[in-house]
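These notes open a run of structures that come right after.
In the two assemblies presented below, subunit A is common to both, partnered first by subunit B and then by subunit C.
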Partner chain A sequence: MANPLLEAPSKSSPETAIDLSQQASTFITSQSSWLSAIPYPLSLFINTESQEKWQTYENLFLACLRTGDDNTAYACLESLTDRFGKGNDRVVALQGLYKEATAKNESELAEVLREYEEMLKSDPTIFSIRKRRAAVLRSMGKTSDAVTALTNLLDQSPTDAEAWSELGDLYLTQGSYDQAIFSFEEVLLIMPYSWNMQARLGEVLYLASGRTEGGDQMKILSESMRRFCRSLELCDDYLRGHYGLKLVTTRLLEVLSTSKKPQQSSSDPVRGDLAPPSVDAVKKLNELATSKLAEIVRRSNSGEKGWDGYSAAEIIAARELLDRDTQKIER
Partner chain B sequence: MAVGATAINILGFVFLSHAVYSAYEHSLLPSASQPTPPSRLLPSFLDPRVNLPLDITLETLFSVLLLCVGVVLSSPELKPIQWNVWAGRLERSKEARATKEVGVGGGNPFAGVEERPGFLDIRGQRKEFARWVREGER
Partner chain C sequence: MAEAQQILRDPALFYWILLPITVVMVLTGILRHYLSTLLQSAPKRQPLAKLREQRSLLRSANLRTNYAQISASAFQKRREWLIENARDGKFLADPDARGKGKPNPMSDPAMMEGMMGMMKGNVAMMVPQSLIMGWINAFFSGYVIMKLPFPLTPQFKQMLQAGVGTRDLDVRWVSSLSWYFLTLFGLQPVYNFILGSNNAANQVTQQMAQSQMGANPMGGAEDPEKLFNAEAENLEVIEHYYILDGVEDRLLERFQGAI
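Here is the complex of A and B:
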């Protein structure tokens, strides 16, 4: 039995967020029954604790904060603080989140930031607060300060994949592709099997290839193609991977057909450079990606059992990509 | 398939019960207490020294065979043990990635690296939500 209250609401659509926040008041009243009012020795016989309960509180807190229902969010926060104490790292971060969300203007937000810095002065090891501080700096538009905060954090905790990923994203918004690629490669060193991050690195490489020319561009494009291939190796029928593979092989075929001669000399296996892929291999991969995309779109649209998990927007995008292809052939 | 497997299980159970009951009834017969001739096939320490009729032995073996087949057929579907098959199912089907309890289900375990809940931009999300509401009202 799936429980929607346990799904993390961070990236969900506004519809699910509002659904979740509407369930909040009923959930909170269902938790405060007469059972929790039983005095101490007797209360040992009744178990009202579960991981699910507190996860639900946190999810409801985030959903209510997002939908602007600050009173319910505060009630959830109070329960979490009562249960885990004021000093708990996670609770401290949630309290900061509440203050950030309810700050009315820039000066109040700056006040929150100053509080974070005070906290970090007394105890610099609260990583949740250091992350919050970087996030606030980013949302205030102080990107270079956010980058410094993140690099400091990563100096002390270099295996934090989430922070590497945030740093890569930050560099990407700045247009510093080389640094972004480096950060995402660090993520992959920590989590080599994450198929979404493999595809993410492939996408960043594809973006970066637009800035370069000639042999360098070919090298970056083939690297991007290899990343997408790896993500598909880790995950069958990965729509995002197939989409990227199709885009990158189409581009790579154009580059390979315009370049005069294959640059075999640029490959150096000792340094980890691989030779550019042959035209035949790229063509085959392109055909494979096209047929797979068509299959996914077809089966998902026909509502086949077990094929309902793709997001509707992604399916539409894939269909548009395929349509663009057929139009080109018709012309 | 499930109906057939249950039928095989029930049939096997009936045969097994019948065989056991027959063996018990047979042991009550006066002829059962007579000494048995030593077995020619088995060594003496494995010889059970009972003279059970052949049809009861065959019925027992048959019912156990039926039960074995039935139990295997009625077992639940195997879970994927290959990484790419497992991951592909999470991407493909909503049911496979539903969260059942904390730590069970929930889809791609690496999604958090990309969503980054620790760096949640709550102010941006609130603005986005307010815009969505305003567009809905229009």
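Here is the complex of A and C:
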């Protein structure tokens, strides 16, 4: 596995975050070795810079904030500020993040927000701050404000996958499924091979199917199923993909068995939508997902090599889903 | 050649020519690295409207390449919206300048700035290079300063014995001018070791990067309106297909053995 110090912080689980933050102080002291203590003219001949170094600093900073080690986080932030200057986009965002994390109550958070807005008034092109502002608005519960902030941002920078995905998430919490689906489709247009986003869109479609009935529902469900299929096509052992595929095929089988209407054999040329899948294929997919889920749960629980990267909570959820299934059969 | 040529060299040649040239070359590299770091002007922030124009263009290019990811109806919606707005010039940074053709690059201050930066970089390279070349030519030309420990074919004569006009000299002997050229082209690993891998010490690699960057920096930006119109046309002719078409069969086929 890759060095956790260098991986994107969003990927790391709480356990690794704690691990990282415990390493932080040793790392910082290790950086001040005799090499960096060389006097000025000679220091020109020695290079202590590398991209990894600063990536590590940033990750340690984030990990420390997550685990509440504010002092070490501040030390990391100080070195980053010293190196890149106060005006650097990324550093500015990190400083804001630190202030947000150390804000003790609502009013302090509002103060941070006000600072962001002031900064943006003088220079509206600092996208990192605009994103932070949207995040703060969201965490303060002002969802609709956050949506407006993000839509404005996306009008000016429509190729920002991160922002699209966040916007989709926000729409989802508001229950506006159509907009959420649009946003996630936009993410896919930017990153066509991200299997997690394919599965995410499948999840949203599955949720949206609960609102509709009849032929529409079938259409959305089969679209959702195909999204999960695509996700699995891109990544064989993606747990969420298998989980979703199992859920959606189970639901689809129910719908297919109850629907009286004879199935359309060909796709609808006017709308250009795909025909619903055959019952046979859905059944097979259901079996496939079940067996794969069982395999993943079994192997992950026995701690086999190469199968230990799954998050514990997801494994438990998968097992619970499988158990639900067996109970039904026993009955 | 039956027996190797023997030339008696003064050991002082080594201490007073070979070593100084090498050291000077390394030092100039380091100097050039720090000089170009100092001269570098921070990239200017682009105005928001310009940014929006570029990214909108990128977005429609994304739609053009990745359209298979979304369903036909979703694609149709986006296509119509993008084409309409592109035709109307909604994405343009400067809608008033439509139809006026390409702006003169010299009148654009941002462009001038970029060109100044490039000039500075070039000067930082050319000046020390020509100084050292002149220095070597004035003091050390015509010396044979070292012997390579391996034999070479006569084709290398030009490369290794520049400035020494003897026909019968064995190719293994290297002249001072040639040593200068060898260090000029061959010191990159040394700089990498001293300054880290993304240094600006070697002029040759920099020149190569520049020539790849684009043949004509003066030509500047294309007319954005034309770009958008071309993009709209490209979008119009796309025949849509959907990546999810038949994906369940593909998946089942793939996992056939696994179940």
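Here is the rule we go by: the second predicted complex is superposed on the first by the 314 of 331 C-alpha atoms of A that agree within 3 Å, B and C clash if a C-alpha of one lies under 4 Å from a C-alpha of the other, contacts with A are read in each partner's own complex, and residues count from 1 in each chain.
Heads up, the rule we're going with is that contacts are C-beta pairs under 8 Å (C-beta built on N, C-alpha and C of every residue); 3 or more make two chains touch, one makes a residue touch a chain.
Quick caveat, the model's predicted, so the values are computed rather than measured.
Undergrad: I want to verify the contact counts: of subunit B and subunit C, which reaches more residues of subunit A?
TA: It is B that touches the greater number of subunit A residues.
Undergrad: For A:E287 in the superposed arrangement: first (subunit B), second (subunit C), both or neither?
TA: Touch status of A:E287: second partner only.
Undergrad: Please indicate which partner A:I316 is in contact with in the superposed arrangement: first for subunit B, second for subunit C, both, or neither.
TA: A:I316 contacts neither subunit B nor subunit C.
Undergrad: Name the contact category of A:L97: first (subunit B only), second (subunit C only), both, or neither.
TA: Only subunit B; A:L97 stays clear of subunit C.
Undergrad: Quick one: classify A:R230 as touching subunit B (first), subunit C (second), both or neither.
TA: second
Undergrad: Check whether A:S165 is in contact with subunit B, with subunit C, with both or with neither, and answer first, second, both or neither.
TA: It touches subunit B, and subunit C stays clear.
Undergrad: Just subunit B (first), just subunit C (second), both, or neither: which does A:T67 touch?
TA: Once the two structures are laid over each other on A, A:T67 reaches subunit B alone.
Undergrad: Is A:I38 in contact with subunit B, with subunit C, with both, or with neither (first, second, both, neither)?
TA: neither
Undergrad: May I ask you to decide whether A:P124 touches subunit B, subunit C, both, or neither, giving the answer as first, second, both or neither?
TA: Second partner only.
Undergrad: Need the overlap of the two footprints on subunit A, from subunit B and from subunit C, as residue ranges.
TA: 233
Undergrad: Quick check on the complex: what are the subunit B residues that touch subunit A?
TA: It comes out as residues 83-85, 87-103, 105-106, 108, 110-126, 128-130, 132-133.
Undergrad: What residues on subunit C touch subunit A, complex-wise?
TA: It is residues 30, 34, 45-48, 51-52, 55-56, 58-59, 62-63, 66-74, 76, 194-196, 199, 240, 242-245, 247-252, 254-255, 258-259 of subunit C that touch subunit A.
Undergrad: State the interface residues of subunit A toward subunit C in the complex, per the touch definition above.
TA: Spelled out, the residues of subunit A in touch with subunit C are 44-47, 49-50, 123-125, 155-159, 182, 185, 188-190, 192, 223, 225-227, 229-230, 232-233, 271-274, 277, 281-282, 284-285, 287-288, 291-292.
Undergrad: Tell me, which parts of subunit A touch subunit B in their complex?
TA: Subunit A residues touching subunit B: 1-3, 6-8, 10-11, 14, 17, 51-52, 55, 62, 65-68, 93, 97, 100-101, 103, 109, 128, 131-132, 134-135, 138-139, 161-163, 165-166, 169, 187, 191, 193-197, 200, 233-239, 306-310.
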